[in-house]
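The following pair of complexes shares a single chain, subunit A, combined with subunit B in the former and subunit C in the latter.
What follows is the complex of A and B.
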């Protein structure tokens, strides 16, 4: 055991947490299925019910299903991160978190394990959301590189949401903190240009959306899907900035959990 | 047990229901804040929809305000069900069953609290909506009709929550209904008039969804003034929902009392 390289022990612990997380997720349909259905529901409700909004003067985007797909992709990716935060809270509430901390010399491996798990579950969500959107007649304007950029942005959104939720979960160590993880993400997502392009927003939401970091990520994602990349570098910079700040938030949460025992 | 005791029992249960709501802001606050948040987001985000030919008003907030009342009423499903499920889980219900309390008093008491909350929500949403630029074409009379309709809708949705609570005895199961309620809400004419929904399948869903008629009745008071057809359909659906859910709750309660 002591012959293991510290790096491989660290990764082994992280992958152990990931395996346990994914095993629990996929063997509990009641936990997994709602997280798949929720984005599809939003896709159907927005792309189906509001498609006539694309007829508004100056709408300017080529396809309303594609317009909503970008939002749902980012939303589903972020919520997958939040759901992983729920699992952290639940594990700590039930005592599993303490046992994991006892067994892991470098405890940041626990957060890394959940982060890899949250990112891994995205594959199924992305295939489902993309498949349903294509079946619903979504046109894809971007090429392979554009789409890789778009999915990478969604992945960064997932990591940021996971780190935020992990920070809350590790501080409260109770599922009762669930709304504190979910609501800020939900609110931030809806304060972006969800229904119409940013230029068509009016009233109070227009200045709010312009300073909301999700707006830049969403706009870049939509531009990549359309094959006309705009503001992509800024979106990546914002996403990496969020991840850097939220890593500090999650690690300080981990320290609080360690102190609490 | 004389009939005169019934109002006393209803009063006692209603008082308890109201006090419990007041003492648990975590249960009440989301049902106030979340509909207002969605109203604000939708009004800002979808204002350009008013430029679509055939849109019935040039103020999206006036159009969207009706949806806010229904959303709050649907939250009341959770409040009513959660309260009763809590009583069942912690044994209060079983102790109550040993007293001469009439089952109808128990149901009525739970619902009175909801109706009062519904009225408070109506006033709050109207005040916020009017301050934000919405208007009510039906005037003061329309506000009174709105208050009556919201009360019936609250009783109807509250009844569904009570049925779930009585049948399952679990607060978690009542909370589990939330996504279903959300689906009912979203697959309706909440964001656009039905005749402007471009997708046939969505328009069909919105047409068979009773929630559309509740929203459209309230919306008619805001936009049209007095639309007899919309109001008749809205009141019809609300009354049918209230009768159906309360009957089902009474039936379920009888079964649980026997257990």
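What follows is the complex of A and C.
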């Protein structure tokens, strides 16, 4: 037995989980490449195919590619969290979860490790999505601080999605729960003003979007990219609120996994 | 090496009941002394693995108390996990990682000092004889190699108590023997308390200083292998008459030499009242009665006999691991 400081030991376990997650991700292209192509497909389909929407007189945003970029950035970040949730489910289904539960004194370090892993993989995703958007002619209105705020919101979306997926994965401990992780995130994302600004939404989607927490985050992200920050504090408050609630969800999932053995 | 006094395991009325299921573990109590190798012997489904899962904090007990190295498994799980190592029945290994990468992961999970990680990993990989395969992906390892790696991983943080759940199941005799040597060394030289589950009589007999025999979730016997076998005392004989129609006559003959005992299949068994000297008399009696025997087996008392005496049935999964000596009979010949 070693007498390592408990805090250091906790972080060591979390980083161990992160290392393995990233190692397996980057050494298995079949797992990693689709997760990169996914947001690029959405960017091409929306920004390319729907750019005429920006010609609408009430559109009110400076650039349609930039408009879609904000959505794809948040979507790609959230899905990176969901994919990490898939890994948790797979690990528990195939036995590695048990090894980690057995070797880690404080088991919340396991969830933290996956969360760090999910956030770490964002770097590559962000560079790719941003690079392709810039090549497609996206204008960037905001300054460095605005962009930092925009990427931070995407990071918070990633953490929230990971915590939601982790809660599902730890409750079911099977990859068969994959749709339960992915679908709610997808639905929540697409019930936000994806194609047009919120002001242009009509019908049933308008009231739904107005209470969807993703709407506030997406609107704030777009305002930061435009260099005209609006509703940013509210967006951060919502994001942190989601993370707080979903942390409870993930930790109670961990407790369920512990009880199930 | 002096063994810390609190390295033992104490279990009192431990119960695990699964939802809508039977009591997999039904009120067991046992004590494992510090530095001891304790063999937990029983057939498949007896409750061995469930017990290990509770003692290693993978599964909360439904009732009862269990303390490992002085820590309560129900309320002090993190402390228990710091001092135990475990190699479970199915080695949970990542086929995409190499042996060395597993070591890197395990040393991180266990929170080893960074400077110590590589040296400890190399030392253990070497000790279990996997140095040549250390940079190969585990997906290509044989079953024995996976077991050895699993054992090495369980030892990275120098645990005080080691749990091995059927560690030699599926291993070839050479790998089994090597693992026994290492477990014995850990106990004798490093003072590690070892809790070993097995369904192999020979393993419990040779490796364990004390044995607990479990069946249907309850401990049916406990003691040193010698003590347990001494309870049975005398050898038994099993015969199979070539003509099944003469089974009753055969049973009557055997009854003259001792108390009938259950035997597998069509065999008839008797615990010899006067010991091995009666074997000649049995052979002569069958010869005089002109009953041909398909087989005649002399069984020295084994842990299986203890199991049989306590439960009325044999252990499963043990193949010829006892001390039985079969006396071959030529085809068509009568005994004697």
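As a working rule, the second predicted complex is superposed on the first by the 260 of 261 C-alpha atoms of A that agree within 3 Å, B and C clash if a C-alpha of one lies under 4 Å from a C-alpha of the other, contacts with A are read in each partner's own complex, and residues count from 1 in each chain.
FYI, a contact is a pair of C-beta atoms (placed from the backbone, for glycine too) under 8 Å apart; a residue touches a chain by one contact, two chains touch by 3 or more.
All of these numbers come straight from a predicted model, not from anything done at the bench.
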Contacts of A:175 with subunit B and subunit C, given as first, second, both or neither: neither
Contacts of A:12 with subunit B and subunit C, given as first, second, both or neither: second
Partner chain(s) touched by A:103 [first = subunit B, second = subunit C, both, neither]: second
Which superposed partner A:20 touches (first subunit B, second subunit C, both, neither): second
Which of subunit B and subunit C A:124 touches, first, second, both or neither: neither
Residues on subunit A engaged by subunit C in the complex (per definition of touch): 1-2, 4, 8-10, 12-13, 15-17, 19-20, 23-24, 27-28, 94-96, 98-106, 258-259, 261
Subunit B-facing residues of subunit A, complex: 34, 37-38, 41, 44-45, 48-53, 55-59, 179, 187, 190-191, 193-196, 200-206
Subunit B residues within the subunit A interface of the complex: 30, 37-38, 40-49, 51-52, 179, 182-183, 186-187, 191-192, 196-199, 201-202, 206
Contact footprint of subunit A on subunit C as seen in their complex: 53, 56-60, 77-79, 81-83, 86, 88, 90, 92-94, 96-97, 101, 104-113, 116, 153, 157-160
